[in-house]
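Everything below concerns the one structure shown next.
Order of writing sets the labels: A, B, C and D. Residues in every chain begin at 1.
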Amino acid sequence: MFYREMKDHCGVFGYSSCDPAMTASMIYYGLFALQHRGQESCGIALENNGELQLVKKMGLVSQALGGENLGSMKGYRGIGHVRYSTAGTSCISDAQPLSAEVSKPYTDFISLAHNGNITNAGELRLQLKKEGMTFQTKADTEVILNLIARTQTGDLIRDLKEALSRLRGAFSLLILVKNRLIAVRDPHGVRPLVLGKKDDDWVVASETCALDIIRASFVREIAPGEIVVIENGNISCSNLDLPGPSRQCVFELIYFSRPDSFHFGTNVHMARKRMGQALAQSDKGLRADFVIAVPDSGIPAALGYSDASGIPYERGFTRNHYIGRSFIHPLQDQREMAVKVKLNPVFPVVNKRDLIVIDDSLVRGTTCRLIVKLLKDFGAKSVHLRFASPPVCFPCIYGIDTPDRNKLLAANYDIDGIKKFIGADSVAYLEIDKLRSCQECPDDFCYACFTGNYFDSV
Amino acid sequence: MFYREMKDHCGVFGYSSCDPAMTASMIYYGLFALQHRGQESCGIALENNGELQLVKKMGLVSQALGGENLGSMKGYRGIGHVRYSTAGTSCISDAQPLSAEVSKPYTDFISLAHNGNITNAGELRLQLKKEGMTFQTKADTEVILNLIARTQTGDLIRDLKEALSRLRGAFSLLILVKNRLIAVRDPHGVRPLVLGKKDDDWVVASETCALDIIRASFVREIAPGEIVVIENGNISCSNLDLPGPSRQCVFELIYFSRPDSFHFGTNVHMARKRMGQALAQSDKGLRADFVIAVPDSGIPAALGYSDASGIPYERGFTRNHYIGRSFIHPLQDQREMAVKVKLNPVFPVVNKRDLIVIDDSLVRGTTCRLIVKLLKDFGAKSVHLRFASPPVCFPCIYGIDTPDRNKLLAANYDIDGIKKFIGADSVAYLEIDKLRSCQECPDDFCYACFTGNYFDSV
Amino acid sequence: MFYREMKDHCGVFGYSSCDPAMTASMIYYGLFALQHRGQESCGIALENNGELQLVKKMGLVSQALGGENLGSMKGYRGIGHVRYSTAGTSCISDAQPLSAEVSKPYTDFISLAHNGNITNAGELRLQLKKEGMTFQTKADTEVILNLIARTQTGDLIRDLKEALSRLRGAFSLLILVKNRLIAVRDPHGVRPLVLGKKDDDWVVASETCALDIIRASFVREIAPGEIVVIENGNISCSNLDLPGPSRQCVFELIYFSRPDSFHFGTNVHMARKRMGQALAQSDKGLRADFVIAVPDSGIPAALGYSDASGIPYERGFTRNHYIGRSFIHPLQDQREMAVKVKLNPVFPVVNKRDLIVIDDSLVRGTTCRLIVKLLKDFGAKSVHLRFASPPVCFPCIYGIDTPDRNKLLAANYDIDGIKKFIGADSVAYLEIDKLRSCQECPDDFCYACFTGNYFDSV
Amino acid sequence: MFYREMKDHCGVFGYSSCDPAMTASMIYYGLFALQHRGQESCGIALENNGELQLVKKMGLVSQALGGENLGSMKGYRGIGHVRYSTAGTSCISDAQPLSAEVSKPYTDFISLAHNGNITNAGELRLQLKKEGMTFQTKADTEVILNLIARTQTGDLIRDLKEALSRLRGAFSLLILVKNRLIAVRDPHGVRPLVLGKKDDDWVVASETCALDIIRASFVREIAPGEIVVIENGNISCSNLDLPGPSRQCVFELIYFSRPDSFHFGTNVHMARKRMGQALAQSDKGLRADFVIAVPDSGIPAALGYSDASGIPYERGFTRNHYIGRSFIHPLQDQREMAVKVKLNPVFPVVNKRDLIVIDDSLVRGTTCRLIVKLLKDFGAKSVHLRFASPPVCFPCIYGIDTPDRNKLLAANYDIDGIKKFIGADSVAYLEIDKLRSCQECPDDFCYACFTGNYFDSV
């Protein structure tokens, strides 16, 4: 399911350093490792002795921030953000970290980096506007900012508990104030957030791949509902004191997170491999020459399928890595080129072969369809398409960029219709029960995009 | 005094149109004509049926907005802004128009374009932050915005009167809300603001040169303390009901405004010419071959001096028009190049001549000094430097970018010291009384940069 | 061996069309598919009724040419080129196609796109300069151009035969003249060149992947020493009449060509897989948990090794696809970051595992070394590094960008030294005999980079 | 006549330095001062110990070369070029200096910077192509380059004399070879070329304004037909030994050259002032309130007219200096905006006034027409348009960018038709005899654009 790699949500990264000259560079590397979580804009905010330095740019981390003179940014702590917006328009004013001057006993500013989606943001926004607050962006994050600013207990932790308890939905949130870096995860733990350590420095990040890149060690996941405050090189923990069974987003494991990351108690690559193994178990008796993957997100599941079925894994496609964010097609009427410029089948692997093709998930189905056609054009004898998750039938309201229901293939067609639309010899997917049984604690996850059971919809 | 041409304050332009497709283009042209008032950033906000469209960019109007698809921006009314900041740092987040969502009975948004400087902005800012308001920029304009948002009488005019009455200092302000475009000028009328008409459309602008470019006719100046509301093609006027003798900035006539503009009851070119004539009257008996100007701002006064003295006007310098905003000097140690790359004397006009050289004003004196040296290097027999205004001895607190007192030459040296620093054969300037007598209503002006008498300092 | 992916030689693509409006777009797609053969510059030349249209740009095809208005370029035939220079400096004037006005009975211009390296270019260049010819570039291609221009038999084919017979070394050459598109391959057939057909249009390209992208069918390889002339939709063939046993570059199969391409009588993916299988046969008895590849060029051989050894293939690394051509490292002293920003091990695949790691070839050894260290840092129990080709001990003089001998690891160390430098538990490579036995016609290949036996050095 | 300021020909600058680190910077400043002679592209070539360094860019000098690391370019001598092409298309490959490798006893390379137009370039080009020479650009300069390369006497001066004697038309040429910098001017001296000295360094430039900017002193003009060789800090002179009465381009004095420059035996500003004075003498009895100029090229003549007529000079227009090279008009149907965005009348100078308006020359007449309309719209009582030169009736074949005859207003209309087209109350121009009598040696000039008498057309 390679097309959505450019459509994602957000990644956050925070760093508390003993050496103020290193902070910006560490955040730069961390954001680079989280680039798959957002490619539209990126930003870094540093705090040093109560003063805030901020840089935000449109574009990829290496291009947008690599040219910046990060060496001139100094600060003992800072936060960073990569973004693809699912709520709000795409312009620099909506880029994060979002920062503002405030007047609090404990800080003169607040800077926020947020991953997730607040389901009652509209309602809170209206309330705040009626109190005379102004909103300069479309982002949920500004609701959080203004809520914190308007909550005036005089104490940071009490302000946060009071303000954040009014939020519904998903938030993995980094907060930078004077002398302190705070990480908070919503009571359901929808989005990942991990804690790391590099010598005497502390790191918080959306995924562990951002710890690896700077050789920080993985300490533990921030717990759902937990507030971690990093100050003077020490950490202290408290809790939002809110109800909330864990509802970790299973789609992070299926598609969004990087395979080398660890969170929700597992390694992502291994989780996907288990899904592929489970998929193979439903397919007992299906014979084929090769198992191949839709690159890259289908690869771990394909390896798992091959492992469980004994059918050899092969590399069915060559991927063109030079395709940028906005490949221009000079000829308007060549929609099929969209797939062909990115993938090309390897003829002897495909021609006259029976193939099992593994994709990570079924959303719109438009790309699968082109891929099946491509394999048939290269002489595949049969193409058995397998999805390593149940079909997506409901839009996500917690921060994943799924389309409207009318564009979700499985919300509009039954399995036969799907098969006909896609043109494969057979189509199957991982049943929801099997998906659950791949997880150690299946009840801790949100499956709403498959089932429609939104956890806080009431 | 050509160096400061890149250092200015702001220009504003508003347009209420019968044809929503024309509004953005009209504002684009208007801002282009006001470019001399600010070259750092520019922006346009349009309103159409309650929805706001906004574009803000760093850079010059023609480069930053010319490439924008203005044709796709539609709206019956809009405002624009060009900016060089005298308060606040230089980045896109401080660019204007500044816009925010609010919840008012009469509008869901406010967009502001402001020219001037609020002298009690810091105090108001702190008060608002203590009430829980957040500030995302350093601009005075955000204080105005938040003040209006927090004032909740339920009526636009009453909100404005109440909010704006708390401001001290200078503001020529354009306000865009649902269905209405409002122009307000502070009670002292420090900065210019004019009203124009093009067929059935209304225009408000900092200067009349912005009316000329779109062939709008000049209706009148907005009066000090006046509120003009444009709605449904009609205008209605009211007043801030605040005391305030007129204190129009005389430096607008001396240097900032464009010579073709009309405001403060006069044409700027003619005002400067009168200053040159007055200057010549003090110089009776001084003989010279030519009167020449420091281009371009000294030209009108030089023509006036020539007219009153009978000494022929000549063009002493060729100006290189290809010098951009950031000419790069490959050799570090060539400070004098800074003037030489811009101006070159015309040898036969200068060599072996007695010259009267007219500059508009004396601020730092560093450029004059290089110019005198240049003329001497080209063989000028004598150089008599004349300033068509009194020497600047005090910083401006109302929005003109004058440097600190310790950099103001005349605040630190007497006339002999100035002459020695500059290296001219003689130096003289227009006395404050003469400057006053050049104006029809001399008491209506602020002369604080010459006298230190700030009108609202108590 | 992923670092050299940015260091390559050239790719060529020619198209003869029935519809002049399609030619430029077809070349654009073809060059995009050949992007791996050169990322520095690209260009397209079209001919229509004797007039030449030319566009050349620095940068990647999709960025450099995608923004061009290719729709305005028309021509019944054209050639394109992507380039990484191994001879000549990197600037736009050396980009190809190289075009010139000439005065020939059969054409007024010549445009050339060349892949390969002319070993006697310097000598020919001097001779031509002594005749008064001028050279505006450093490229070998200009030698070919001037040779053809100076050869004046009056007939195209005779001019080509006479001029090209003076060349030594490697050339796969496309020539565009009035009404004709010509493809020539040197007598040794060092670089690939294939012929394709799309409906009534003819295509010539460095690799078949460029046929696939435009859905052209593969007709055959252009033979060593063959001249193919395409005119009026027909093709005619002749020969350079030069001696020359086939000396196809085996490194094209090992590393340079795309796995989905077919040339030198084989599919590249399958050739690499055979090398991996052969490698495994030498390793009988070696036990490990997984076979993993250095992505991406090591993958086919790793699949072959896994297949022959029965040890499961796994994906040991996650690759960050967002790394651009010039990733900027803010901290100077972090050389190891160079690998870490690109690759990250998948912990459960690596930790406490015995691993066989397959790379395509051993050149400098600096990257392998960092990769072995990375795997050890992630807790690999043992790392057995295997190269699917013999170690490179001699620089290529036919167009592959190998470094000087003193930088070739195996030219300076024996196997123990190599093992120590790289830090692996064991190191082995595919012996030259085994490599030969993987080929159907082993004598048709050049192995000079392994053996030092340059075929035309005498 | 301000519109053509973007349409010019070329400027050249050469520098022979004692300090190789200064050469590139000196050329950069020199080219910047010559920017009015060409705004399309610019370039610098340096020679140091037989090695050539070259940088060429599209765009203005300060933008294109200011960002280059000129400090890293070293060489004892170098040449530079600014270009607007009148022969050849506008792309980087036609930018100059044009450089090539050759094989001469005295040099291994030639680099050329050329101002002028070779009238027999086509014929020479064909001849050279028939000898097997190739042409990679459309520029006349390549003809000169190839001619020199093909001339093989073994001696630099003899090669130059033989090669250059075959050229017809205009050339002010700088040649860089090993250890020597050569300046040559065609036998008619059509384009200017001056020699300067800065301490022990030598300078050659199109105009003296390029000497002034680097504080070099003016030595003398290079004579028509003269060859000046600069070597080891010494200069030696010889001659092309070709017939050729001086035919200096009078249009350089009228419009192209900068007013502060000296050449053709005069200062340009003073030459223009004399033309204005002569114009006034024909207008005896004409009364008006003011003499105003079409800025900027009309200003010196307007000062001269004012001086001779006694009618006061005024500044009738304010010019917007922020208009760049490609001002974008969002509304397509507003052609008149083209003038309005650049110039705005000063109302009290124009309204109800009788005006004499001075322009430098009459070419197309389209801009004058808009200017007259603009003044009338601002209430001018009468507008008497005066051109300080005869009307242009014939295209220039020596390097000035005049349009085709059918676009030259005076080639198609008599004086009444011109007056009607332009809409002025009266129109007059400087008669050819008067123009001649303004020059000290009137026979030394080319007046072909006024008379059609091309000096070498036979």
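Assume a contact is a pair of C-beta atoms (placed from the backbone, for glycine too) under 8 Å apart; a residue touches a chain by one contact, two chains touch by 3 or more.
Just so you know, these numbers come straight off a predicted model, no measurement behind them.
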Tell me which chains count as touching both chain B and chain D. none
By CA centroid distance, what chain is farthest from chain A? D
Counting only Cα atoms for the centres, state how far chain A is from chain D in Å. 61
Chain centres from averaged Cα atoms put chain A and chain C apart, in whole Å, by 37
Using mean CA coordinates as chain centres, what's the gap between chain A and chain B in Å? 49
Pairwise touch network: line, ring, star, complete, or other: ring
Inter-chain touch pairs (all): A-B, A-C, B-D, C-D
Going by the contact rule at the top, pick out the chain C residues touching chain A in the complex. 5, 22, 24-25, 28-29, 32-33, 35-36, 39, 60-63, 66-67, 70-71, 209, 212-213, 215, 258-260, 262, 267, 269-270, 296, 299-300, 303, 307, 312-315, 317-318, 320-324, 326-328, 330-331, 337, 340-341, 344-349, 377
Note which residues of chain C are touching chain D in the complex, please. 92-93, 98-103, 110, 125-126, 129-130, 132-136, 145-146, 149-152
